[in-house]
Amino acid sequence: MTLDRTTTTLAVAAVLLLAAAPFLPQWLVFLLTLALAKGLVVLGLVVLMRTGLVSFGQGLYFGLGAYAAALVGAAAEVLDAAVMLAAAVAGSAGLAAVLGLLLARYRDIFFAMLSLAFSMILYGLLVKSSALGSTDGFNLHAKSFAGITLPAGAERRVFYAVAVVAVLGAAWAVHRYLSSHYGRLATAIRDNELRVEYLGSSVFRVVFANYVIAGALGGLGGAFAALAVGHVDPETAYWTTSGEFVFVAILGGTGNVLAPFLGAAIFEAVRTVANQYAPNVWQMTLGIVMLALILFLPAGLWSLVARLRSVAR
Amino acid sequence: MSAILVAKGVNKSFGAVTAAADVNVAVDRDAMVGLIGANGAGKTTFINMVTGYLKPSSGTIRFDGRELTALPPRRITQLGVSRSFQIPQLFNSLSARENLLVAVGIVAAAAHRWAHSDLTPARAGEASDEVLERFDLAAYRDREAGLLPEGVRKLLDVAMALVVRPRILLLDEPTSGVSADEKFAIMDLVMGAVRGVTVLFVEHDMDIVARYAQRVLAFADGRIIADGAPAAVLADAEVRRFVIGEAHA
Amino acid sequence: MFDLAAVLFDGVVYSSWLFMMAAGLTLIYGVMRILNIAHGSLYALGAYAGASLVGAWLAGGHPPAASYALLLAAALLVGLVMGPLIERGLLRLMYGRDEVVLLLVTYALFLILEDVIKLAWGVESLVVAEPYALPGNFRIGKLAYPVYNLILIGAAIVIGLVVAWGLYRTRQGKLLLAVIHDREMSAAMGINVARVYVFTFTIGAALAAAGGALTAPAIAVSPGIGVEVIVLSFAVVVIGGLGSLGGAALGALIVGIVRSAMVRYWPEGELFSVYLVMALVLIARPKGLFAAPEARKI
Amino acid sequence: MKRALCQFVAAAFAALLAAAAGAQQPVKVGIVTFLSGPAAGPFGVPARNAAEIIAESINAGRVPAPYATKGLGGAPMELVIIDEAGGPQKQVAEFRNLAQRVDLVIGYISSGDCLAIAPVAEELKKLTILFDCGTPRIFEDASYKYVFRTGPHATMDNVSAARYVLERRPNIRSIAGINQNYAWGQDSWTDFEAAMKALKPGIEIKTSQMTKLFAGQFGAEISTLLSSGADVIHSSFWGGDLEGLVLQGAPRGLFKSHLVVLSAGEPAINRLGTKIPDGTIIGARGPFGPFAPDTEFNRWFRNVFQERYGVPPNYASYKMTNAMLGLKAAYEKAQKAGAASPNQDQIITAFENLTYEGVGGTVKMTLGKGHQAVMDVAVGTAKTVDGELRIVDVKRYPAGEVNPPDGVKSEAWIRSGMKAK
């Protein structure tokens, strides 16, 4: 009955996070919002991975979402977070629908590298556009949400709460999607595309759909990150950012829709602690932790949670 | 009796190799047709062309009056032409039941595309279990397909081909890689399950051909060298030399 | 006219640098199915080792002519130490896992090595320019070029030929090819995969290090030089077709020459030239230029 | 599961806060500078070294007058140093954590980080002193209460370079550029190009090479520059790229056949020494390093630094020092105004429009409503004199001539002919 479990865990987690919102210290609110934002991108990656495809270019949508949100503020001078989020999702889903037509025909490393190429082309364009501040990027500041003006200083907490709700919705929807026929079909495609075609289903359509879902979630994550940070820059589209998402996906585990968020939160926490307490060797610390996790938790962090549950049962 | 599958002047060559040379066949509804011939004689190539895996270099293949040669496998399946594989094509990380659920789910999710289908998403589960029963695979219900014994994989492969409501079913060596004593058991199960479906099956074991086929097509070098009732074809001198001689060598 | 000659020459110089990286990467991927991100660190290690060795040699007042040999020695050293160390010590524990997991393992390794290099050599850049300036210049048209560029090209060609010879003429090499073309089969044929892997990874590491060591005299060896080469050489390998030495060579040539042409005629575009090339090649040939066609038996 | 996570993180930081809570008197200063990556060598570590030795000297009261008093008016400084590597997003996260642990922050070399951090500092009401980043946008596009920048912004680097070039070679006809393809390189070239056009209308732009950051190899670029026939070549390269350009350019005669301007060349002097060809024009983004006037204060600084670290301080070291001196000056000014241990607002009030003596010259917080420093700037020419690189023909430009008046945007000011106040 994992469905009930996951859904209930999801609900409980969301309620707890919302209840905590007013009391958490600002740095934790920020850390969690960022973790939720990146978790959304990884969630999309997990959907894609069900079909056996790993994208090293999700930074494309993360960056696009961030810039879409920021541009709504800077260019259109709409300072409403809801509009920014909508613009980000629309923009990235749109681009994904175009690129998907091409990318859905690619597999394995070629899919990975072609998506990487596209993300790096966006990176290049952003770096070239001095109007957008080139590599320095520019700041954004949303002052209202869905028309409701936010009290100065409280914005971050509101964005955090919105992120929690958005994650709840997205994770639940993805969970339903993946435990439906289409989830199983995705796995079938990963195992044997030929047979899927011979059963009368279009592999292309499924891959395409999952790619667009991943793109939209990537854009949403990017927008939340931009709202939390208050600044966008091309780094968001750089290949190392994309690589980080893939790592978090593996770190968390691809078995459960909650795993990406656990993975993202732990990753952010480890990196922050390493940077604050081992500023000279934080990369090494991070690397060693990564290796240890890959070695000792082959199924990802979520396998721990799963183990705890089975013990509890 | 009207022909459901008609191939006219079908040719196919890979560079120098001729896999099909002027193949002309008309298969009647509800026929049980055995395809025999040495390895590389063109049997599988014929099946591959009918099901859209290969495009003929020239010639036409019609199913129920509908030209197939331009269509992708997916569309051909939806029209009611299904196939099994010499090497079972399964979803190895899924259980036997989930394999069938995928197949059922595909039909149920897009029932409108199918010529005739009574499957609905709601019925998917029980439909899969029915199939497991019919092919007595119930014992392997929740075992990972990748780890099943070859004979079982063969059956599951055929079972999946049947789930998608075919009107004609092409079986590529359904009993190859299976011990001699299992062969008949498998064929009995299959033939029991395909009532009302036209069947073409590739087979090397002439006893099986003689037992299950109403009609036999003998291939050699991409050409059909004999076509008729099993007894007649199996007695044909050319067939004995080209097919059976080599088949047993 | 000489304009074009210059573009070509600059391109070829860049290509020969790229090739040394890509050759090792493509071998490792072909045999072990690992996209080795740590390849960048091995490049950096080669550069640091080469610069330090030559620096020490020259500081000792020894004849600078020998420094070229020292550069290669440094590369070999890095390869022979790091190759087996990484393969036996780490990668071995990960075989059988997903390609992407192995890739992340090499990413973690890359992060660790970045700091190791920092701890070993500090953040100050290493400058050992003598081998670069020593052989003097030659001219193409009215443009002066360091003779060292010719050495670089020569080295790349020799390295390419040696590796090709090793692959196609020696027993060990044929084993590698066998594994590249059909892993299951070759495993069934009882090839000692473990040995093949150590061997391959060591060669790959040495090639990366050679790329670094031979570039060291022309650049300031400083933290972070490993990062840039990673994606570049990935792109080259993918353009050429994974696991193909010839592909790596062709990919390197294309990327190198396109880049120098961009620099000359459209400097704005240099930033994405590599990725444009990669995207276009993959769109035209989804598995790269020299992809081995795999027949599927059904 | 989330709750477990919160507990984990919370625990980690509780430990941290406890550790911080230990000492009350000392002023905790967060230092953010590159400890890893390509910017660590030329800027990050020299800046950190300066921070450490200056903090020590201040606490011991060893800094010459007017900074001879111990600590910040008696309160010792305690440094918390973190790495700036990782990009603005990561830095914002780190800043939010650091803000818990320290009373104020001094840091940031990358303009991207500065732009991202400034509003966060404002949100958290945490005094933050930017010491090095160059972009003028920080106080030209916004105004902040809690953010100061004691380093002059980058406009003057290229304005002074342009003036220097034209004073030396009034009848040059064409320029070309080779700059890194990111904000710093693009802005530097834009400023230099605009300044040259404003000072010498009709000057011809032969080519503007924009190289990928940390590309390291510039064969094709150098060929293009050599055949461009430009009289002057401008580059704002730094770090490994700069050293690579010199190493690869010099043997090919790039510096012989052209007048080369390295607007941020000073840090490379310690690294390359006599490898820098004679006649190369070098800037230091202020009166720093070899460009600093030979005062007793400057001599003291160079000596302690050289003694400790074996190399002379470069401009990053100077700018870090000036940030810390600015803090000390403001703190003690606030004390004189009557606050025994001044709170943040009192320090800020004292800091605004402050004028104080820094290493290399006077620092005037005159721009950005008193939050942005200006300084004189110096440009010079490299010349090897008996086996040692010297900076000769040093020209010092008063701040007023190379910086826009407050409220005027640099870009507009340059295009409008750079009228001095």
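In order of appearance the chains are A, B, C and D, and numbering begins at 1 in each one.
The criterion applied here is as follows: a contact is a pair of C-beta atoms (placed from the backbone, for glycine too) under 8 Å apart; a residue touches a chain by one contact, two chains touch by 3 or more.
This is a predicted model, so every value here is computed, not measured.
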Look at the interfaces A-D and A-C and say which one is made up of more C-beta pairs in contact.
-> A-D
Averaging the CA atoms per chain, pick out the one whose centre lands closest to the mean of every protein CA shown.
-> A
Rounded Å distance between subunit C and subunit D, as computed from the means of their C-alpha atoms | 36
Rounded Å distance between subunit B and subunit D, as computed from the means of their C-alpha atoms = 76
Mean-CA-position distance for subunit C and subunit A (Å) = 33
At least two other chains touched by the same residue of subunit B: list those residues.
-> 85, 89
For subunit D, what residues touch not just one other chain but two or more?
-> 35-36, 181
Residues within subunit A bordering two or more other chains | 127-128, 194, 280, 283
Within their complex, subunit A touches subunit B through residues 181, 184-185, 187-188, 190-192, 194-202
What residues of subunit A sit close enough to touch subunit D in their complex?
-> 9, 13, 16-17, 20, 24-28, 30-32, 34, 127-128, 130, 133-139, 141, 153, 156, 225, 229-231, 233, 235-236, 238, 258, 261-262, 265-266, 268-269, 271-273, 275-277, 279-280, 282-283, 305
For subunit C, which residues count as touching subunit D in their complex?
-> 3, 6-7, 10-11, 13-14, 17, 114-115, 118, 122-125, 127, 129, 132-133, 137, 142-146, 149, 215, 218-225, 227-228, 259-260, 263-264, 267-268, 270-271
Complex contacts: residues of subunit A adjacent to subunit C = 54, 102, 105-106, 108-110, 113-114, 116-118, 120-121, 124-125, 127-128, 194, 239, 243, 246-247, 250, 280-281, 283-284, 286-288, 290-291, 294-295, 298
Please give the residue numbers of subunit B that touch subunit A in the complex, ascending.
-> 51, 72-74, 77-78, 82-83, 85, 89-94, 98-99, 101-103, 105-110, 113-114, 121, 124, 160-161, 163-164
